[in-house]
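The chains carry the letters A, B, C, D, E, F, G and H, assigned in the order they are written, with residues numbered from 1 in each.
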């Protein structure tokens, strides 16, 4: 079982609300602008490993830029 | 004296500030000027454009169909407004962001200026607007850079006056770039 | 491990179009849209539902929701919705209104629509300011809040007090359900989602007028970054606008 | 339905509307039109429709917008101050192309004024009292029978063009009782299903939006031009007026609604006295019968315009026939201010002999 | 106060109003005029006045009525949809002869429309968007300086005639920044103490009533005639317009406000190209400069009217000079819909050569 | 015994003109006028007071009260009064409004005026109908009440519920005093007089917005003789609109 | 046929009812009629007036400046409207309440009728209106008394039909009075 | 000590509210119309003797048609 999130970089407006929502503190803000001029949220593959699929980051995202997947046994 | 200039970029590039500055400097020099912003429902992220008309008599239309000069700061502006520049006029193109070099028009003067790079070189990416403005007044001589500096002092709130030197530097850099370009 | 082994547990609701919104970064209109869309998905009523858009930052409702929409004049969404609902008693109808829209210019309409017990769902986004027009004082602005028309901060002696709509409407017999929620924490978001679902259920069950007040941010006009703005909800808004169910006559 | 009834104008307009299939009424009481909601509150439930006494005129017009956007035939009614309050909503209906019937039983103003008959809301009705330079269809019945007939016509025109329609009358036409011959409503063949409206016919994914917001570059300009193009079509196709003894008339009297009734008698009296006088009564105030005025003044006839106000329709008459000699006789509205046929006759004589 | 300032039109009108002694502002936010309440909310407290952000436009206009009836200089401001909502209140103010300033920074409609400049509220402003056939004073500044000056003029005219005054402008004039030379307000000598108002000067038993209700036989008719007599006086005494190069003009261009600014440049360009073209810019839209049009077209000059709408002021021009050849070129308002001097110049050339 | 030995213990208040009213026989607008006039006399403020008349049977306020009067558009008296009071903060200002005026078309104005805590006195005459226009249903009409626009009786399911203004306004912070009284018995009349006096005192003391709802008859539109109508107050109205002080923040 | 009549009294005298009745009877006879009430803000106690215009062609103005006939039921009406009666016309004056006998006008026909006394004699003071109406139709013959009776049946709600005989009696009495008066 | 009330016959609209207000039941309705066409309230001189000057009748009168006098010892 493994879980993951996918952040749609194009939709993300860089508000950072997901970063404080994640109980595991997995999401960080990028230092590089996306095409719209925002600094999007990112998650490293290392951190992704620790994702519990709790969806809390996605719940908070105003731009519905996060999809969450849960591993099926 | 009878000049007009159109400025366009995206919100956040400081277009409206330099528009204000230019018009105000014109007035400080004893001439007349109108500043007319176009604004949208979408405050952020959208386009920002304004028109400045300057004259030693009273200003007629604050709106201009074919501006004498255009300062184009991002690709969208280039796409939309470049073709409107009056024949014989002038276009200042921010080549840091705009790939199109505008060479298809031979009836106007062009200046490609890598404003973003220049701004970063001075130390703040937000100085793009000042660089462009410096270049424009150097080209057009509608106002002196000194008047712009004076205007800037009045327009900027006191607490931001510590940024004045940086802004001055950017204006000068833009002007210098223009001088060089047309000297060569 | 491949994707095929994974189950999508959170994704964009069907009722929401797959487009970028015009909202500012961190603006919680987006969150609330998603919660409403989730409710429409949940009940499978996307193709029946009529949304009534108000005038405010959410005026482009039709651009984001994949449902039929009528655009109402500022403040009049409840009246427009009444007209629509009376014609189509079997279609779910909701309004989506800001605090300027609902608690200022639209005061009369919301009160009488609730009082008539119209079978509607009203989503009320309280961000303590007029977002769209540039951050003027709203009826819900907090005491002392600086806005573009209360530059020295709201003075309750001359500008009045923050108006508490969820409480006010709960005093009307036609109101079946009145609740205040927030979207500042994942927990609150989940509660807000439940409240919105219940507000639709109240309508679907024909039980009367259902009202959900959602405390939300307007980072832009508050002059705060999205995180700071989000914190203001717990620090300043909830103390003035306590969360909770103010009326539930649906049982 | 052929029995001749004896009813008030206000009742007749309500009856006509119900006969035309109007099933939603939204209104707020105001003299001298309260007979309309009162009648409908009695009759609508029998037809399975809805009568809502709204909390205000503002709410009423917006309920109407909602019902109209939902594809229904619906109406509101009020009188002058209430109609002023509806102006924003009317502008929205015009902008979002929502049909619907608005009845104004005009009373005297400005402000609270009085409750007597008045024609002082002409400008408001035909030039657009609301913002944005739209027009609505304006019909001016001059009898109880026409109140009935025009309720039907108003719905038909309104649906055909997706333009809100107003019936503009006053306390004379609204409070007067006359004989009325009711008849069954027959929908015109050309009326289409309102597939622009939220009638619930959509397949999944076919979103319908009724709105007046157009923000893209050039969109609103195009929308306005589209609206004005419709007005131009109506100007050609939908003008209605009544001509009385116009053929040999040397003086063309014009008036609408209540004053037209009074003028009819005055014209008859003038004819009895040997004056060659006719009456041109605009029935559609918007679109205005410009061409009719041109036609009937082409041989140099003079025009005399009567109104129960200080001069409004006369401007449209003058604009229709700029080179014609157009005179005006008006009475400012208010209690005790109804002109009589004898009074109009005096004016006719003066202008006829001049 | 002689330093030259660089401010927005919206700010200028607010500054002018405060300078004219306006101490009460009642309004509700709406783009593109929110700078007005924002400016006043900052400045009014320093002057000891009151700024109220009302719950709606309807409340604002009625607060204004209350303050005006209480003898104060007071104002409201809004933009098109909000002005529509004020129509009932404006009619009441007109009927009860309450002076006061109403600013309309007109935006594009109908309905929600858009927020761009528009002149489509001309009819609403000058013909009376509200019920009852009243008029208000309507001033159309075309520069930031005039926004300032006319705020003062509006209060003076409004007080002198006890007629509400409107400043009608749009996003071009309101959002534009220009140089402004402020100056001190000097009250005209002829302005009297408002002893009709509830200024608290009464001795015991001298009741003052501000009302628009007139129910006695003939009372309201007389009141209406009184109001219209005032309008007639204003028509003689208070007309203002600007003429540019009219003396030898063969074609008279007319436009007001924003389009007049654009037309000014177009006329200059036309002159540069040798065309004998002048500009007649109405400053008072009500009372309308009829006589000026007569004077300047007496020798057969043609008129070309520019508007940012589908044709409204042109009707008043035609009514002023019915036998003159009056052409119209309009642009329906909306985003991206501002005409340019070059566009007007084309029209001038066409009509000049025709 | 001669008259000189007698003391007048009840007479027409000075603030009331000595004229016949146009009210129908038994109409309690007259009673309420007298009580308001008594209060003006009591505080000796007749020459300072500004009355704001509403549109309803009481529109001729200026004909009966010997005070300065502004006539407001229907429903807008609180806004007009706000304008007047802001200009003359030291003059007592009151509005006198019917239930159609205040609780229907004027809902928004009364709520926001109360919420701003305007220092005004509002006299609200609840006679459960639109008297002036001929007895249409009001927001305060009782369930089942037959009126000219509810010929089968008010149906709460579609027409809504009688709205209780004294309670509703007491929920707003700006309201300093909110009370409901009746004038159907001498005892109630005396209580009503006291409440009205207190509502003026609240204003004179600068304590905020003061509201007095008075239950009264409209014999004409109720289709009852004055005595029967008067009895209806106790029998039908008071059970739905309980008398009492709903808020008193003046202490 | 082309007739008009103006009726005036105070509220409660039943003016509007007989106006309605007359117009309705006219229509029942196959002619056209308009009934136009004047009404005030003050519903009770004020004046009640109405105008009936009857014609075999379509009715023009429902308003008449100088009516052919006037039924004047109280002193105020006499004062206000008597002078308006068309020369050659007819005035019916309720002499029970009106002292003025109208003799100053010799250009019209007059009938003084003690309607209140006559009504009381029949047994109900509220029958004044019917008496006056009976007299008017007898004089003018605009409709038959039978048509009035038929109209009355339709206008009166079923539950009040027991009052029909009394009303008929009043109509007849009025007609009879008129016959007698003009016979003599 | 004696008390009395004075009913202004011209102002009285005959609503009878005073009749039920009087604890002593002293006020009656006249059988004769006043000039306005109303049957006004009346009090007989006999009944007047029993008036306590309590003012309750006047409190109830919507038309302020009653004045009350109290005898002074």
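The rule is short, and it goes like this: a contact is a pair of C-beta atoms (placed from the backbone, for glycine too) under 8 Å apart; a residue touches a chain by one contact, two chains touch by 3 or more.
Not measured: the values here are computed from a predicted model.
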{"item": "Farthest chain (mean CA position) relative to chain A", "value": "G"}
{"item": "Chain pair bearing the highest count of C-beta contacts", "value": "D-E"}
{"item": "Chain at maximum distance from chain C, centres defined as averaged CA atoms", "value": "G"}
{"item": "Intercentroid distance (Cα basis), chain F paired with chain A, Å", "value": "60"}
{"item": "Distance between the centres, which are taken as Cα means, of chain B and chain A, whole angstrom", "value": "39"}
{"item": "Whole-Å separation of chain centres (CA-atom averages), chain C against chain F", "value": "36"}
{"item": "Distance between chain centroids, defined by C-alpha means - chain D, chain H (Å)", "value": "55"}
{"item": "For chain E, residues contacting two or more additional chains", "value": "31, 50, 52, 55-56, 58, 81, 88, 92, 96, 111-112, 114, 211-213, 215, 335"}
{"item": "Set of chain H residues in contact with two or more other chains", "value": "36"}
{"item": "Residues of chain C touching at least two other chains", "value": "24, 59, 71, 73, 104-105, 107-108, 111-112, 116, 132, 134, 139, 158-159"}
{"item": "Interfacial residue positions of chain D with respect to chain F in the complex", "value": "28-31, 34, 37-38, 41-42, 45, 50-53, 55-57, 81, 111-112"}
{"item": "Residues of chain D touching chain C in the complex", "value": "24, 26, 50, 52, 54-56, 58-60, 62-72, 74, 88-89, 92, 96, 198, 200, 202-205, 207-213"}
{"item": "Touching residues (chain side chain C, partner chain E) in the complex", "value": "55, 59, 71, 73-75, 100, 104-105, 107, 130, 132-134, 136-137, 139, 148-152, 158-159"}
{"item": "Partner chain E, residues of chain F touching it in the complex", "value": "46-48, 50, 52-53, 59, 62, 66-73, 76, 79-88, 91, 108-109, 111-112, 116"}
{"item": "Chain G residues within the chain D interface of the complex", "value": "20, 23-24, 27, 32-37, 39-41, 58-66"}
